[in-house]
Amino acid sequence: MSQSVSEKLRFESDYQEGAHPAILRRLLETNLLKTAGYGTDEYCASAREKIRAACGAPEAEIHFLVGGTQTNAIVISAMLRSYQGVLAAATGHIATHEAGAVELGGHKVLPLPSRDGKIATEDLQAALESWARDENRDHMVMPGMVYLSQPTEYGTLYSLRELEALSAVCRKFRVPLYADGARLAYALACPVNDVGLPDLARLCDAFYIGGTKCGALFGEAVVFPKPGTVPHFFTITKQHGALLAKGRILGLQFDALFTGRLYWEVGRTAMEAAERIRTVLKEKGYAFAFPSPTNQIFITLEDQRYEFLSSRVSMSFWEKPDLNHTVVRIATSWATSAEDVDQLIQAL
Amino acid sequence: MSQSVSEKLRFESDYQEGAHPAILRRLLETNLLKTAGYGTDEYCASAREKIRAACGAPEAEIHFLVGGTQTNAIVISAMLRSYQGVLAAATGHIATHEAGAVELGGHKVLPLPSRDGKIATEDLQAALESWARDENRDHMVMPGMVYLSQPTEYGTLYSLRELEALSAVCRKFRVPLYADGARLAYALACPVNDVGLPDLARLCDAFYIGGTKCGALFGEAVVFPKPGTVPHFFTITKQHGALLAKGRILGLQFDALFTGRLYWEVGRTAMEAAERIRTVLKEKGYAFAFPSPTNQIFITLEDQRYEFLSSRVSMSFWEKPDLNHTVVRIATSWATSAEDVDQLIQAL
Amino acid sequence: MSQSVSEKLRFESDYQEGAHPAILRRLLETNLLKTAGYGTDEYCASAREKIRAACGAPEAEIHFLVGGTQTNAIVISAMLRSYQGVLAAATGHIATHEAGAVELGGHKVLPLPSRDGKIATEDLQAALESWARDENRDHMVMPGMVYLSQPTEYGTLYSLRELEALSAVCRKFRVPLYADGARLAYALACPVNDVGLPDLARLCDAFYIGGTKCGALFGEAVVFPKPGTVPHFFTITKQHGALLAKGRILGLQFDALFTGRLYWEVGRTAMEAAERIRTVLKEKGYAFAFPSPTNQIFITLEDQRYEFLSSRVSMSFWEKPDLNHTVVRIATSWATSAEDVDQLIQAL
Amino acid sequence: MSQSVSEKLRFESDYQEGAHPAILRRLLETNLLKTAGYGTDEYCASAREKIRAACGAPEAEIHFLVGGTQTNAIVISAMLRSYQGVLAAATGHIATHEAGAVELGGHKVLPLPSRDGKIATEDLQAALESWARDENRDHMVMPGMVYLSQPTEYGTLYSLRELEALSAVCRKFRVPLYADGARLAYALACPVNDVGLPDLARLCDAFYIGGTKCGALFGEAVVFPKPGTVPHFFTITKQHGALLAKGRILGLQFDALFTGRLYWEVGRTAMEAAERIRTVLKEKGYAFAFPSPTNQIFITLEDQRYEFLSSRVSMSFWEKPDLNHTVVRIATSWATSAEDVDQLIQAL
C-alpha cells in the first residue's frame, strides 16, 4: 500500500487510477452541501441538460448508473419481453465477460459472427430473416433487440455508414438498437471516428455514455433519446440494486465530464498516447491482432517475448491463439502520462 | 446548483452530503496511483484486514459492494436455494423499500410481526415450528434464512441478549442469520448499545457494515465470518452487476473508516446531535412514534404543526397514522453540525 | 396397488380419481387419429369455440395449460412488468400453497386481508390508494394486477355485486383483474351463485376455467376475453415448459366438458353430495370453520373427535386453530357417489 | 374434427396420436379408484420400483414430470448454481427449441460444436480446460453441467464407448452429466445401440426417460441414480408449476410402460417401420442429411420434389441448406402401422 502500487509500468487497463482531477475537484467543492437523494438533485439535473445538449436530443431521458455490466443487464432486461433475446457479436461483452448477467435476468444472448468485434449488417439481416421465416420460431427465442459496443471490445469502431445501415435494419424489423459506450470517450476522440453523440441519439433506441473507463471514479449515463422508452426505469433501477443513494456523485461527475468538453479531452489524451505506441509497434514489426484505432491495442507475441515484456510492463492477457503465442492488450487512458509512454517505448 | 442547495435546514436523511473529509483526502492522495481492478488491490486488502481485526474474526471473508439494496439482494439470493424464502420483520427494508429486489431474485420475503421494527424470538421460533409442523410444507416456501437490521428501519436496536436468543433459534433450526448494517455506525456509537462487531461476527452467518449512510461516498462491506460460506461470491457479484471496476475506491473508503476508529467517530457525531434534539423534543412534549435511541428520530405531528415545521426544516415523510397526523423522520449524521442542531432546536 | 387403494372412505380432495367417464371415452375414441401438436389441432379449436360461446365472448383468446400453479405463475408473470406485484388475499393459493412460484417468476405477492378467503373492495381500494399516495412509492413494488379465486380456497364465493365492485376499482386504477377458477365448476353449479362465465369474461382481464379439479385428468383453460392481452402467450407457455406436445389431450377434455353442459353437470354432482353432508353436519351440531356453500366443507373438530373420524374417513388436515382443535376439509367431486355420502354420514 | 384429421399420410412427428392402448387400458381400469395426490400414490410407487429395477439402480430417486422442456428446465436449474451454465451441443434441444427456458431460469447454454447432433469428448474437454485456464474465468459463466440427448435431435446415438469417455471427462472436472431421453425408447430398441438403462444410470448424474414421444399421453421420468442429488426436488417441481395434482396418471403410464418391457416394444415398432423406410430411401437414392439409425429420418430434397411429396405426406420441415433444397424429417412411432409405411413407400 506504499509506493509499490505504482512501481511497475502498468498498461493493463483504462481503469487503474482514480478520477480525472477535475472530477475530484468537483467532489471536494460540493462535499458538504446537502442535496436530495437518488439522483433527484441539482447536479444530476444539470448533467442531464448538458448531455441532452451534447446529443442534440432535448427530450432525451437520462439515468445514471454505477457500472457497465449493471447498465447492460438493466437496460436489456428492461427493454426485452420475457420470451425475447438480445442479438450481439459473439465477442460482445455481454456474451463473454459479464458472468451471465443477461441470462440471470432471464434472457438469451443470441450470438452473431464477430467481424473484428463488430456486427455486420448482412449477418444481422440474415439472423432476423431466418427467425421470421423459421416454421418453428414460436418455439425459439425471439430476437428482441440488438446490442453493439462502440468502440468494440477489440477497440474497433463502427463507421457512421455502418451504424446507419444497422439502424435501418433494426427499424425495418422493429427491433430496438442499443449501444454500449463503456469506452465512448475513446471513440469520440478518435481521429478516424465519424459517429458523434447526436448520431447515436438518432440511430439508437438506447445507449450509454461510459464514465468508469473514461475518467470518472465510476458511473455510466444511460440515454433514451425518446422519453418514455422504458416506463418506470427509476424503479427498475432500484429493484436491481443500482440506485445510488447519494446519486449526486454520479451527477457531479457527468456534469464535470460534459463541462467544457472534458469528456473529449479525456479521450484525446488516451488517443495521443495510443498513437505514439502504435507507431512504435508498427516500426518494430509487432503483429497487431485486431485493427484497433482507439485506446486499446492488441498485439500477438511469441511467448518468450511475452514473458520478457511482462516482467517490465503489466498488460492484459487476452487469449492464446496457439501454443506458442499470446495476445495481450495495452490500454491507455486519460491518466497515461508522456513518461509512461516513453518508458513503454523503451521496453518495447 | 448554487447556494440554494443548502439554504433550507435539512434533516431528512443521513445521505445528504458527500463523504467524510478523511475519506475524500484518501481519494485525493491516491488518485494517480495505478492498481489492479475489481477489488484485488492493496487498499481493499488493507481494509479487509482492519475489518477482520475489528470483528475479532481473523478468517472472515469480506466483500465490498456499492449499495444497501444491492447487498441485501445479492447476499440473500446467494444464501438461499430456489425454494427458500427469507424471514424478516414486516417493516424490514427488504420487505418494503427495495422495490421487490428480493423477489426479482426469485425469493419470497416471509413476514414476521414487527415489534418496533424488530423480530421477537418467540415469533421467529413460532414461524419456524409452524412450517416444520405443517403437513403441506412441501407445497410452501421454506424459511431459508433470517434477515434483521441493526439498527432497524425505526432506529431501534437489538440488545446482545436479544441477538443471542435469535441466533440460538436460527442455529437450532439450521437457518442462517443475516444482519443488515446499513446504519451500523449509529448502533455501534449508541450509548445504550451492547452489541459489538465481534458479537455480530459470532452470532450471524453474514452481515454488512454500512458505508453509504455512515460517512462514505457509497459502499457496504459484506462480512462472512466463516470463509467459504458462499462459494464464488466474486462471480455472483459480477453477475449481479455489482462488481466495481475501480474496486479500490471501496477499499480506500473502508480502510479510512477503519483507521483510528473513524467509523465510531462518524457514529458519535450523529449520536450527540440526535441526543440534543431528542432532549429538546422531550422537553417540548413532542410525541415519539418509535423508541429509537439512534440517529433516526420519529415524531408524530399534528398536520398543522407538520406544515409549519416543513416550511423551515426538511424532514422525511414517514406515514400518516390517521387523518390529522403525520409521522416524520429527523435524521442526523456525521455531517450534522452544531449550528444545524441549534437552528433545528430554534425551529422546534 | 390392489383394492386397498379405495378401501378407506376418502373425502380429502376433489382430485382423487381419474377423469369423468365422458372424457375418457373421448380419449379412447380418438386415440389413433393423428393430429398436429402443441394445441394447433381440431379438438383444441373446437373446445375454444365452445368456451367462447359459453362465455359470450366470441373474440376471446383461449389457451390450454396443464395445472393450476403453472397457470397462475405463467399468467401472472406474463401480465406484470418486472417492477410490479400481484395483490391477493393473504390466504390466496398463490400466497400460500404454490411454493413461491410467483416469486420464482420475479414478483411479490402483495397480501390483502382475507375475508373468509375473499378480498373486500374497500381493502383493495385502500391498498391502491395508499400506494398511489406514498411518497416512497417509486422505491416500492407497484401493484400491477389483482388475483382472486372463485370459489376461494375456503370454498366461499364472490357475489356478482362484489365482483362488479372489485372490477370497477381495478378499472379505475387501471390494474388488471385475474380470477383463478381451479374449482369453477363448483361455483357455477352452486345454488347461491350468481356469477356466470359471461360475467367473468366481462369483469376480468383474464381468468381460467379449471379442469384438474373439475372432472378432467388434468388441464386448465385460460381465457383472455380481449384478444391480444398478452402477445406471444404461446411462446411464453413454451418457455415455461407448459406447452403440451400432444395438446389435443387438453382440447379433447375441454371439448367434452363444454359439450352438453357437462362442466355444470360435474359441479352439480359434487354440490348435491356436499349439500347432503352439510345438512347432516348442521343437524349434528358440527362447527363450520368457514361459510362455504360449494364443494369444500371446513369443520372444526376437537382433537379426540378428529382422531376418531380420521381412522374411518380420509379428510384434509387444514390447520390447528388452538391446541385442542383441528380444522379439516371434506371435499366432494363429480366422482362422489351416493354410497360414499351414505357411509360418511354414518361415520359422522 | 371429422375424419379429415387422419386423411393425409402423416409422418411429421412421434407425438401425433394419443397413447399406447395398453396405457389407455390402465387409465380406464383404475379410473374410479381414489388415491392420494401429487405422486404419492401406489401407482407412482410401483412405477418407480420397476424403473429402478430396469436401471439396475435400487437406490435411484425418481420423479415424474409432464413434458420435456419442463423437465430440462427444472433439472438444469436445480442442478446449477446461479453463476453456472450448461454445456450442450449447439444443436441441442435446450439450445434451440425450448424458447429460452434455460435462460428464463437464469442460466446460459454454453454451446459446443455439434457432431451430427453429438458432443465430442475432445470438444468437451477443451471447453472445460479452456475455462479452467482463462485468467478472466471469474468474470465468465462457469460450466456447471453437461447436457446431451440420447438419441440426439438428429436421431444419432452415443455409443457406450463415447458415453463412457464423456462421463469420465465430466467426473474428472466434477461437472455433472445429464441426458435428455425424450426419445429414449427408440434408442433402447435400436439394433446398433449398445447403451442400456443401467449404463445411463452408471454414467450420468441425472437423466430422463421420455414418455410423451414414446407411447404415453404425456410424461417424463427423471432418474437421479444417486438419491439426494437434488434435495427438495418435490418442492422445486411444485414451484415450477410442474407437480401434477393427479400424479397417479404419470405413475400409471410409466408403470404400464415398464411392465413386460412395453417401453422396448414401443421402440421396436417404430424401429421396424423406420428400417423399412430407410431401405427404400436408400434404394431410390435419396440423400440422408444425418446418419440417423433411430426413428427419425432426415432427407435432403430438391424443392420441386419436396413440394410434390408434401402434397401427399405430412413431414416436418427441418431447414433449408441452400436455396433449392429442403431438409425434412420423417418420424415413425409406436403407432406407425404397416399400412402407413406401405403408403409412404408408394408415395416415395
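To keep things simple, chains are lettered A, B, C and D as they appear, and every chain counts its residues starting from 1.
Just so it is clear, a residue touches a chain if its C-beta (ideal position, glycine included) is under 8 Å from a C-beta of that chain, and two chains touch if they have at least 3 such contacts.
Being a predicted model, the structure only gives us computed values, none of them experimental.
If you take chain A and chain B together, the chains in touch with both are C, D. Taking each chain's centre as the mean of its C-alpha atoms, the one that lies farthest from the centre of chain A is C. The distance from the centre of chain A to the centre of chain D, with each centre set as the mean of the Cα atoms, comes to 42 Å.
If you average the CA atoms of chain C and of chain D, the two centres end up 33 Å from each other. The geometric centre of chain B is 50 Å away from that of chain D, both derived from CA atoms.
Separation between the centroids of chain A and chain C, computed from CA atoms only, is 50 Å. Chain contacts: chain A has residues 82-83, 98-100, 104, 106, 138-139, 235, 238-239 touching two or more partner chains.
Of all the residues in chain B, the ones that touch chain D in their complex are 77-78, 81-83, 106, 138-139, 142, 231-232, 234-236, 238-239. Those residues of chain D that touch chain A in the complex are listed here as 82-83, 85, 96-100, 103-109, 135-136, 138-141, 317.
On chain C, the positions that touch chain D within their shared complex are 1, 4-6, 10, 12-13, 15-19, 21, 24, 27-28, 30-37, 41-43, 45-46, 66-74, 98-101, 104, 212-213, 217-218, 235, 238-246, 248-249, 335.
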